[in-house]
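Here chain A shows up in two complexes: once beside chain B, once beside chain C.
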Partner chain A sequence: MKRYFGRKILVYLLTFFLAVTIDWMIPRFMPGDPIRNMLTRVSVSSNPIAIQKMYDYYSHLFGLDLPLWQQYFNFWKSLFQGDLGISTYIFPTPVAKVLLRAIPYDGFLLVPSILLSWYAGNKFGAFAARSKWLDNTVSPLGYILTATPYMWLGILLAWFFGIVLGIFPIAGAYSYSMSPNLSWRFIGSVLHHWFLPFASLFLVGFGGWAIGMRNMIIYELEADYSHYLGALGAPKKLIRKYAFNNAVLPQITGLALQLGVIVAGALVTEVVFSYPGIGYLLLAAIQNQDYFLIQGCFLFIIIGVLLANFTIDIVYILVDPRTRRGMTGETA
Partner chain B sequence: MKRLPIVLSILVAMSMLFAACAPAPTEAPAPVEPAPEQPTEVAEPTEAPAAEPVAEPVPTEYPRAETLYVSGAAWGPASTWNPFQPGSLANTTGTIGYVYEFLYAFDPQSGELTPWLAESGTWSDDTTFDITLRQGLTWSDGEPLTAEDVAFTFNLGQQYEALWFSPMWRYVESVTATGDNAVQFKLSAAPLYQEFSNNLYNVPIVPKHLWESKSEEDITVGANEKPVGSGAYMYLTNAEDRNVWVRNENWWGKEVFGTPAPKYIVDIRTSSNNVALGMVLKGELDLSNNFLPGVAELANKGYVKTYFAGPPYMLSANTAVLFLNTTKKPMDDAAFRRALAFAIDVPSIVNVAYAQLVKAASPTGLLPVLEKFDDQDVLASLGYSFDTEKAKQMLADAGYVDVDGDGFVEAPDGSAIELQVTCPNGWTDWMAAIDIIASSSQTAGINIQAAYPDYGAWNTELQGGTFDMTLNNWASMSNTPWTLYNLLFRHPIQEQMQSGNFGRYENQEMFDLVDALAQVPSTDVEGMQAACSDIQELMLTDMPMIPLWYNGMWAQWSDSTWTNWPDENAASPTLPTTWSGYWQLGGLQTLINLKPAGE
Partner chain C sequence: MSEQKKKNEFIYFAFRNKKLLVGLAIILIFLVLGLIGPFLTDNEPFAYANPLGAQPPSSEYWFGTTFFGQDVFSQFVKGLRATFLVGAIGGGLGTIIGMLIGFTAGYRGGVVDEILNALTNIVLVIPTLAVLLIIAAYLEVRSIFTECLFIGFTAWPWTARAIRAQTFSLRTREFVDLAKLSGMKSIKIIFTEIAPNMMSYLLLTFILQFGGAILTAATLDFIGLGPTNAISLGLMMQYAVLWGALQFGTWWWFVPPGLAITSIVGALYSMNVGLDEVFNPKLREM
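Coming up: the complex of A and B.
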């Protein structure tokens, strides 16, 4: 057990280190200069001394006048102190503050949609595999849903439910006529605005999981052990239970693999619905070459994806007896 | 099957951990003070005594009938309320105009400076300008606004070079309070009158009693949260995607200008233009100042209102100019540049790329509101218009012929010409426009390809002068043609050109002409016209850059909650815009003129 986790944690730490290093490098390889972008349109250029002074001032402020290796070193140093730097695009707000404002919305959107679509998709896929009629109608729908780009589904939902039917808002995280407060009206408004972006993430995920589960169940029901159980006279319900337990394992692996895609999907969905998570921030940060905000956004994504993968590793131990035995050195 | 509930409960527990990294989602992202539970209906403003600002509870809900929803001004979350903040940062918040005010306003339709904080201003001689402030001016914290505040503000420019208006101190000798309401500007010989009058309506006046104790850093780059100004609105709250302003019920200007109709203004930052469009159609947004392609169609069907009922639908806000990098071949050749001006299919840009939402620009580049400074004789002899055949002829005359038979001309020295025209990626209207620039130039035999770097990369190329040709429109509507010509012929040429003359056109004669224009007193219209004629003649002969079309003052609105928007039929139309820098150009008057629907 200890060895297993020791190894896992080492791998995760190494991944984290590499991912964060790449995260630090990529914005700096982009062509352009964040300070120049920030100072764009300042009317002081008729005064060359003033403009150079301002440029130097800001370069120093952001530590961009140092050699690269030193910037990299300082980056890790301040990262361990919890300091993510100051955004150039929304100067002078600290990146940590910007992210803290935005991340709750991401969690609020991502966590329910990932878990619910996974759970409902698997349940439904297993269910659909039982009935020919359901299989014929639901499978094509699932294929369509899972192939839909998140953004496109989002636009369709916004157009139909937001504009044609007018029953859901199309933008914002809560009504533009409210300021946050603890009241049922406000909570209702939050849920009302949350529903469509959630639904577009949920539906795409749901289609994929349902299809996957349906195929896995059919495969497992055709496996030798199922036929053997059947020949022994076991009830159909029991056979399906075993089939489901086996079929769910690849789905868990699939979830780990899909996380990155889902997070990226959530980012574009947020742009479609003007939802104030990090989606729009990241887009704007990249366009404005805001090194620090880009780093911060990706750092959040890296930590999120790694944590979720780690969780899935633990889940694996719980659901797959083979992993557990292998770990404790038992032999099957 | 038995294990699944366990699995799920673990997943849920983990997800909670995941979510616990951050505060609960329903928590306020905005720094709202813990306000007592408010009834949904906000109580009518109790007349707070002017001297002591009572900490009014922050309302949790803004009644629809009292609230104006706008978008298109903010490009990011509000981060600073410092009116001196460089770049476009403070511009996104409405700080300047709502909260901080100016000595003067400028009415672009009549072309006149109109007094704002000032009551009157007189030139007692060529270098002395005396301003009398209005009586009873107050800051929103109740303190009186006096001549001391005005003098203090302008003197900050002398003290700190990092402030954008600091260069005016090259010719300003002193700004002093000569009485409670009197300010005197002493200028040196040969002042830049044009810049001076421009600054009169662009330098926001800040309260001395709050700013004099601030450090240099606080003044130049501080965020200035909870700003105290003298204007018609006050900061209420902000979040990732919105800024909320509340009317200053004690605004001194109520008696002078009138009361702005909306009690609350919610300035929404939409993440994409289709969101803004959807919100206007739903009546959730009263005024959108976003560029919405295809809005002409919606205006024709009556879904939205625009300034003009027909093309170009929008007022012209600024000139899209094609800057040519004159340090590169063959753009260093005036004959080539002039031929290019004839090769570009501006009618298609107007009709196809913009679907008639814009107007073709005058070859002088001046906006329609500055039309009186266009020299018609110069235009008649040196103006240009789309004419492929003529462009081909001009190229041939200048020695640009197709030697190798690939359909594109080569330079007179035989070298191949391969140029790029650029604009930032994602600026869809400009991307469509440079596609047309490239294709119509190719038809005339000039090999130009369109390219769309990211904004940051584009900006670096622009200022560093490594581009071939690119679009730019950074001279906004103004009281003087000098604003545009200062952008086009900014000098001296430096390694980095931050705000003008990106093509590094070096011609001392032109620089002298622009400097001469800058020194004409802004009351001397004939003198300005004469100076402009000289500039225009040289500009159209040498063609260092090519003005192509006027970008619109994008504005589409809905009448469902607020009416009496300015349009072409209004008696004295103001500007229907919330863009920064336009509040003092009549934007505020638009708010004052609004009427609740159904009245």
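Coming up: the complex of A and C.
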């Protein structure tokens, strides 16, 4: 188990290192010149000497005139000091502060939708497996849901419930006429605004997990141990329970593998509903070419996904006794 | 002779598998629409064809027009082409890279495997989209082709991992040992002895990569990092949301692109399950 953990942590550290390096490298080695772009966009002056002056000033400000190794070192140093630069879009707020304001909304949206869709999808998929009627009705629905692009489901829900029926708001995290406070009215408003983005994330996830579980259960029910149990005269319910326990393990690993996709889904869902999380910030950052903010969003997403992965690893160990006894076989 | 018989058996089951046939039919319909659609309309995707602005579908504009009076049908069929292109090239590239890494790691074993496996695990953990968007954000001009490259180079890890595991179990079989004894080169063993034994698996992988590439492209386009010089289904949805198609209720602007993506990806998944049943007798319905 120690070895298992050691390897996992090593992979995560390497990943983090690589991610930060990518974050540092891309602005410096991509074709094009961010500072030149910024200057031409603002088009402060047509005087070439003035532009050169400003160019030098900004290069110095962002530390781009130092040798590369020093830039790289400084990048890490400021990262550990929590300094991600200043947002040019919401000038002059530090990027870290902008991001910290957005994080709660992401957590509020992602954690319930991931956990609930995983739980409900697995239960339902196991229930539908090998029941002809349910399988014929639910499976196609599950495939359609999991094939739906997140933003399209979001758009449809927003259009139908928000515009046609007019029973849900389609923008913001709470009513624009309120300021955050701890009253029931405000909490109600927050939940009211939260429901549609949550529902679109939940539905797409639900379809995927239900299908995954249905297929897993069918494999497990055809496995030798299931037939053996059946031959011994064990009740169907018991066999299904064993099958479920075995089938749920790959689903946990699947959750870790799907995290990136789910996060991407959350980003576009937030864009559809103008929900003030990282995704919404990111769109604004891209449209305003706020490179520091884009880099900051990238880092936050990576850190979030790594933490979530680590949590799933711990859960896996708690759930699967074999990993604890060191019978890991294929681990990292 | 037995090889021939087996092939016939697959064809027999393939033609009786509803999931496979329905999926294939949907894909073909959209493919044909994408191929001949642009010849059915005179309007360019971005041309301001209709001076009246957003109008519902009519005999002149089959899918209606956008806020700017652009022909939705013309955008839609061009977008379909982009979707299939991204699926084929992006998904194909992802499959090929995954195969190369998976075969090498699984067949070589040892240090090579350790290194490739660590690389796979790292790329697997990094949220692909985050990397894609930071690269795309810094590129001034993006084409559909660069989008395909991005997607292909980030989508391979799960394929590599799965193929590595399969190769692992195959490489200790007798027929591989025999090939080794006969002095065959590693690369030839991989492609003539190991790969043919997992052909069905590779096909299923490619189908999933195809669908995954389409969804990733739609996400990128929707965040505003799609091609800068072309139209795609994801871009159509982005423009629709940005220009208030929801508020004005111009549903004909955002329904077709999403419906097409859902249908194509859903049809691919359906084909995948159908093919799985064709190849794996245990899964066939009795």
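FYI, the second predicted complex is superposed on the first by the 280 of 332 C-alpha atoms of A that agree within 3 Å, B and C clash if a C-alpha of one lies under 4 Å from a C-alpha of the other, contacts with A are read in each partner's own complex, and residues count from 1 in each chain.
Convention: a contact is a pair of C-beta atoms (placed from the backbone, for glycine too) under 8 Å apart; a residue touches a chain by one contact, two chains touch by 3 or more.
Model, not experiment: these values are computed from the prediction.
Trainee: In the superposed arrangement, does A:144 touch chain B (first), chain C (second), both or neither?
Mentor: Touch status of A:144: second partner only.
Trainee: Please name the chain, chain B or chain C, that touches the greater number of residues in chain A.
Mentor: B
Trainee: Where does A:287 make contact in the superposed view: on chain B (first), on chain C (second), on both, or on neither?
Mentor: It touches chain B and chain C both.
Trainee: Which partner does A:272 reach: the first (chain B), the second (chain C), both, or neither?
Mentor: Once the two structures are laid over each other on A, A:272 reaches both partners.
Trainee: First (chain B), second (chain C), both or neither: which does A:167 touch?
Mentor: Touch status of A:167: no partner.
Trainee: So, does A:13 touch the first partner chain B, the second partner chain C, both, or neither?
Mentor: It touches nothing on chain B or chain C.
Trainee: Regarding the shared-chain residue A:100, is it in contact with chain B (first), chain C (second), both, or neither?
Mentor: first
Trainee: So in the superposed three-chain picture, is A:68 touching just chain B, just chain C, both, or none of them (first/second/both/neither)?
Mentor: Once the two structures are laid over each other on A, A:68 reaches no partner at all.
Trainee: Give one of first, second, both or neither to describe whether A:301 is in contact with chain B, with chain C, with both, or with none.
Mentor: After superposing on A, A:301 lies in contact with chain C but is clear of chain B.
Trainee: Could you tell me which stretches of chain A are touched by chain B in one complex and by chain C in the other?
Mentor: On chain A, the residues that contact chain B in one structure and chain C in the other are 30-32, 34, 37, 155, 158-159, 162-163, 170, 271-272, 279, 283, 286-287, 289.
Trainee: Can you check the complex and tell me which residues of chain A touch chain C?
Mentor: Checking each residue of chain A against chain C gives 11-12, 14-15, 18-19, 22-23, 26-27, 30-32, 34, 37, 143-144, 146-153, 155-156, 158-159, 162-164, 170, 215, 218, 222, 257, 259-261, 263-265, 267-268, 271-272, 279, 282-283, 286-287, 289, 291, 294-295, 297-298, 301-302, 305-306, 309, 330, 332.
Trainee: Within the complex, which stretch of chain A touches chain B?
Mentor: 30-34, 36-51, 53-54, 57, 87, 89-93, 98, 100-105, 107-108, 111, 114-115, 119, 155, 158-159, 162-163, 166, 169-173, 175-183, 185-187, 190, 241, 244-245, 248, 270-276, 279-281, 283-284, 286-289, 303-304, 307-308, 311, 314-315, 318-319
Trainee: Tell me, which parts of chain B touch chain A in their complex?
Mentor: These residues of chain B touch chain A: 1, 3-4, 6-8, 10-12, 14-15, 17-19, 21-30, 32, 35, 37-38, 40, 58-64, 67, 69, 75-80, 85-89, 161-162, 164-167, 170, 221-223, 236-237, 239-242, 244, 266, 268-272, 274-275, 278-279, 281-282, 284, 424, 426, 453-457, 459-460, 463, 474, 490, 492, 494, 496-500.
Trainee: Where on chain C does chain A make contact in their complex?
Mentor: 117-118, 121-122, 124-131, 133-135, 137-140, 158, 165, 211, 215-216, 218-219, 222-225, 234, 237, 240-241, 246-247, 249, 251, 254-255, 257-259, 261-263, 265-266, 268-270, 273, 282-283
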